[in-house]
Structure formats: C-alpha cells, structure tokens
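Order of writing sets the labels: A, B and C. Residues in every chain begin at 1.
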Amino acid sequence: MTKIIRKFVLPGDLIVRGNYPPAPNTYQFEDGLHSLKVGLSEIEGKNVRVIPLAGKYIPRPDDLVVGVIVDMNAFAWSVDINSFFPAFLTATDVFGKRYSPESVDLSSKFDIGDVIIARVAAYDRSKDPMLTVAGPKLGKVNGGYLMKISPVKVPRLIGRRGSMSKMIEEATGTRITIGQNGVIVINGEPSKIPLAVKAIEMVEAQAHLAGLSVNVQNFLSKETGRDVKRPSDGPSRTEESYDDGESE
Amino acid sequence: MTQLISKKNLRLDGRKLDELRPIKLTVGVLKNADGSAYIEWGRNKIMAGVYGPKECHPKHMALPDRALLKCRYHMAPFSVDDRKPPQPSRREIELSKIIREALSPAIVLEDFPRTAIEVYVEVLQSDGSSRIASITAASAALADAGIPMRDLVVGCAVGKVQNKIVADVSDVEDKEGQVDLPVAFMPNLNLVTLLQSDGALTKEEFEKAFKLALEKGRYVYEIVRDALLEGFIERREGS
Amino acid sequence: MSAEERKHEFVDSIRREQVIRTLQTGVRLDGRRMDEYRKIKIDVGPIVKADGSALVQIGNTKALVGVKVMVGTPFPDTPDEGILTVNADILPIASPYEEPGPPDESTIELSRVVDRGIRESHMIDMGSLVLEKGKRVYSIFVDITVLDVDGNLFDAVSYAAVTALATTKYRKATLKGDQVVYSEKRVPLKPQTIPASVTTAKIGRSLVVDPDWLEEAVMDARLTLTFNSDDELCATQKGGTFGFTPEEILKQMEVAREKARENRIILKEAIEGAKKK
C-alpha cells in the first residue's frame, strides 16, 4: 500500500515541494503546494489532501444535505443548510412544471420549521444554492434526532465506503442520515439514540487521530456489551485513511 | 522626563533593547464566534473574534466577486489610563482600516463572493503596539474559523528611544520615545502588509529598525504557530 | 467600505489591463516615468480671511488648506505646548464617489497621516506657542478641503498644509488678566523644517510615484513616506489591500528620499515667493 505522509499544517505552510496537481485547501506558490487552512495534510504519492480543522459548509452539486425550512414565498422555500447563504427549493421541483402559484399553497407540502433531506442541484458563485427533493429517500423528515457536527468532519464520520457510520448504526440499531453540510438525523429507538450521539461526537472530536475506528469500536463494544465489528479492511492496516468523497 | 533606558541598556521594564515582552495566545476561546483568539502581549489584553463568511448586510455593499472584509478595532473605555469614551475615535477608525488592509492580502476573499467576513478586535487593556498584537490575534482567529488564508500575519513594533533602536515598544516608550515603527507581514510570502512610522530616522536607523522588526516578527510567528497547533491538538482529543 | 475602495469596482477590465501592460514596458499611460511627478502648481494665500492658506494642484487633484490660529487651553498632559489640529474634508463635488456626510475612514486616515507628517517632523515648535503655561496657548487649526480628486491626495494635501503653515501670519495675542487681546500685529509661524511627502503606488510589480486616478484605482498597495529637511524619514504609512516586499520598501525609500528633495525645492520656492509680496 502507498505510504501516507501526514503532518499538521497551518495557513502558509509548505506541504510539499514541486509541481503537484491542484488540491482543495491548498495553493501553488513558487516552491510548491502550501496550505490554506489549519489542518492535517496527507500526501499519498502524487495526491495531496488537506483535511481542515474547521470551516463552513460550501455547497457542491449532488451533495446530500439536511436543511430546515425557514421561509417561503409563492415560488420557493428558503432552506437553512448551515452554510453562508440560505438555499432555495423551487415549487416547480416539488409540484412539477405545470404548477401554478394560485392553486397551490407551498405550506401544504413543507412548512416553516420542517426538516428536509435534499440534494444540491446547482450552486455557483453568482447564485444561491438550489436544492431538489426529486429522488429516492429525499423529502421531509418525520421525526428523529437532529444534531450538527462541523462539516469538515463529515467524511470521517462516513468513513471509507460508509464503514464508520455503518459500524455505529449496526452497534446501536439506529439509522443515521448524514448531510454533507454537517447536519445529521438519527432515527431509531429512543433508548439507543444517546449512544449513537456519543459515538458521533467522539468521531467529531477525534477526527484527526489515527486509530479512530479502533477507539470507536472499543467504545461501542464496551457500551453495548457486545463485540462490535469494524466492517473495514483487514487487521494488517494499522494506519488509516479514508475516502473523503472527493474525486481524484 | 523619565529615563527610558538605563546606562546598562536596560529598559524600564528590565528588558534588553531587542527583547520582546512575554506573549501568550490561545485560540477557540469564544463559543459563538466562528473563530476567535485571545492574546496577552506584555500588558496588552486583546480579544479577536471572526464571523463569516456570512450573508452580507446591507446587501448593496456586497461585492460580486469576493467577500467583503469588515474590521472593527475598538478599545474598551477602561483599557487605557484616562477613560476613553465608548464611541469610535478617529484613531480607532484609522486603525480599523489599517488592520483590515494588513489582513486582507492573506485571506482568499475570492472564494466567497457576495458574503461578508467580519473581524472584531476588542482591546481590553492597552500597553503599546496594540495594533500589531491585534493583527496577530485576528489572523489566528481567521485561521481558527477555517477561513482559507495564504499565510498568517504577524509583526512587531520597533522604536527609537533615547537614540537607541528597540524592539516591541511599550506604551510609555511610545509616548515618550522618539520613534514608533509598527510592521506587520506574512512570513511565508515575505510581504509587508502594515508599515507605519512617526519620528525622525536616518537611512541607517530605518534599515536597522525595519530589519529588527522582521526578525522579531518571525519569533512572534513561532508563538502563533504553537498556539494554533495546540488548539488543534486539544480539540482532537475532545478536551 | 470607503470611497477609495468603491473606486476599484468601477474600472473596467480593459483599462486595468492597459495600465498593467503599459507599466510592464517601463512607462506609464500618460507617458511619465515611474519616478516622475505630474506638474505641481502652488498658489499661496488665496484665502485672505485665513491666517495662512495654499492651493496645491498636482495634475488635476486640487487641495485647498486654510490655517487659523486662535488662543485655546492646552491639553492637560502637555501644558507647555500649543495645539495642532488637522482635519480633512473631501467635498462631494470632488469626485463621483464622494457623498456628503462626516469624514469616512479614508478621509480620517488622510487627516491623520498629514498630521503626523507635520507633527513628527517638528515643523512647528509647539513649545514656542505658549502664552501662559497650563492655561493659554496658541491653537493651530489646519483645515483641508479637497476640491477635485485625480489621484495622490496624500501629497497634494500635505504640500498644501505645509505651504499654508509655512506662510501663516497670525495675530499676536496678549493676556490682560483673564481676557485674551488680539493685537493687529501679525507674526509669522516660523517652520523649523519643511516636511515633504512622497506617495508610491504598487501596481503588479511596478512602483510608481504620484499615482493618478486610474493608477490609484488599479493599484495593489500604497506607501506614503515623509522626509524632513535633513532627509530623515519622519512618517510612514502603508495603505491598500495588498503588501510590499521588504526589498521593495528599502528600494523605494531611496527613490522617495530623492523625490522629496526635489519637491521640497518647489515648496520652498512657493514659500519664499510669498514672503516677497
């Protein structure tokens, strides 16, 4: 396996010398790639990544997000997606192109305060993010426990091929929906939810620590009194890396 | 007039000519701000808080291609010897602009068009070189907020006191000395983003003072680095 | 955002490119060299009601300064010094980007930088302005009015303030008990030095002195350096949203020192010329 070199970086720090393909959270200066954030840099061959310690959610098309309806007019709902602009969900997305504002009251579908799971349909710098609920498992969330984590920790919570979140779900018997925007909905028996919350908080707090899955596994095993399995690669991997969802 | 430097070349607070006052910086100290940093630099006590990127209000001030950087430098009424009225003075207005211009080159404002990034610097106690301490704390707070930055911004105010060049000017040295020369810069990109001076300096004196400021600024950089990494490690372990 | 920054948005990309590309060939759009000033025109004493006044034009930039000397009470921490107050106002007619109202941050910065240039050079011996220590001193008001903006307000305003102060003749006052009596006799404010400021704009990698409106609108950063008659640096102000490398600062310091010498000659000619009248 390729060795992954990790080190803490601060804005301005040189991560690696030479010409490397551009990577998020980095910039090319004369001598090489520099970090734009406080975080952990990972160099795997020619691939460089900086996992930031903090940062707001920046919408990307196709992201799954969990949002809250905060306003509406005749044509669209305004949705808080924990970013720096509210997102919009148009009435035509929900009611179809033949929809007419006179005959339909938007609140009949989603009202202020409702929580929805949606996908980011479009976002560029000149307009606010547009959402869609056309798709499987999208739409209003009816009940469950809502929590927020820092969006930069989401990849860690999902884990490689979903391994971390699956492990927590199986150990606690809950269903966890993770928005890329850091908003999470947990469904399941009320008695099981606090454990899931604690496990998620543990991931958020230790996101940059190697051996996190082992820690979470041990924690869940201890709390449930069962032998929780890590559905990830074999025991020979002592160093972890994870797919953070960014295509390379 | 006070004797600011003794015959043994020691300053009023016992420091050598090129010695900095003790500096302590902590990040992530405020719950509500997106990023924050608290600095104690000598007897300066300054809190920096950052909000953003966020929606820009008023909307007509938003910039189409980048974030609007707003900065407010404000001194608490009890921060100085003679009580200062709470309304912004002309000095605070000028310093707010200067500090904003010192931080602006470091931030990738183009990543967040139509938003605002707000930097608030509150001087709780002031004792000379507060603008440099403010910039240092503010750049740490911006990094703490996860706002993309090309570099941190650090600095040092040097001065001429009793014809000698000194590093890290204290309040009494600023008031009764000959020259105050604050410098702030981005250490990795080697770019000076704040430079002011008042008082007469020959060519040689300026060069000596300027180079001393850059040298001592790098020392401040190490302190900021340690504080940011420490904040990072603490949060990692869930404390 | 101040008027200065709003300006940046309104320069179209074609003109911005034009300025930058022309500079790369070592010449400016109006044909000047990098270290060349536009024509500096100084009119001394246009405002007869003021104790001293000067109108300075650099290119199309026009700044008018009036000086008034009155008797006032000293500051508690400097009972043996006179008072100097510098205040600038950029009139709405001066630029499409100026609005009526109290001074904004750019105007305040302008006032304070010009103030420091005068104060820190010790142009005026503040100790010689005392009538009665701790009680009555001369208070000098330097009021700046900008009439037209075409770049480089810092130097235009500074030259006008310095010329006005150097040619100020104020009424001598005496104290009769508690009353201040102004005599008809006027005495000159004798300057101890003539501070000259030089403002440089950084555009890309080029450093140009005396930026005009367009150069200022596209510039990355600004450096104003003020020197006294002994060629010593007495005040500095970096402005703008970008920065200078240390090498650029040291290099431009010497360019500015030389330009300050040249412009001081122009200031002195105007000051001497006025004395002959």
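Definition applied: a contact is a pair of C-beta atoms (placed from the backbone, for glycine too) under 8 Å apart; a residue touches a chain by one contact, two chains touch by 3 or more.
Note that the structure is a prediction, hence the values are computed from the model and not measured.
Taking each chain's centre as the mean of its C-alpha atoms, the one that lies farthest from the centre of subunit A is C. Comparing each chain's Cα centroid with the centroid of every protein Cα atom identifies chain B as the most central. Here the spacing of subunit B and subunit C, counted between their Cα centres, is 27 Å. With centres defined as mean CA coordinates, subunit C is found 55 Å away from subunit A. Subunit A and subunit B have Cα centroids separated by 35 Å. Residue positions 186 of subunit B are each in touch with at least two other chains.
Residue ranges on subunit B touching subunit A, taken from their complex, read 34-35, 52-55, 64-65, 106, 108, 112-115, 143-152, 186-189, 225, 228-229, 232, 235-238. Remark: subunit B residues 61, 63, 68, 90-91, 93-94, 96-98, 100-101, 104-105, 181, 185-186, 190-203, 206-207, 210-211, 214 touch subunit C in the complex. On subunit C, the positions that touch subunit B within their shared complex are 1-2, 9, 105-106, 108-109, 111-112, 116, 119-122, 223, 228, 230-246, 249-250, 253-254, 257. Taken together, the subunit A residues at the contact with subunit B in this complex read 8, 10-14, 25, 27, 29, 34, 36-39, 52-56, 84-86, 125-126, 152, 201-202, 205-209.
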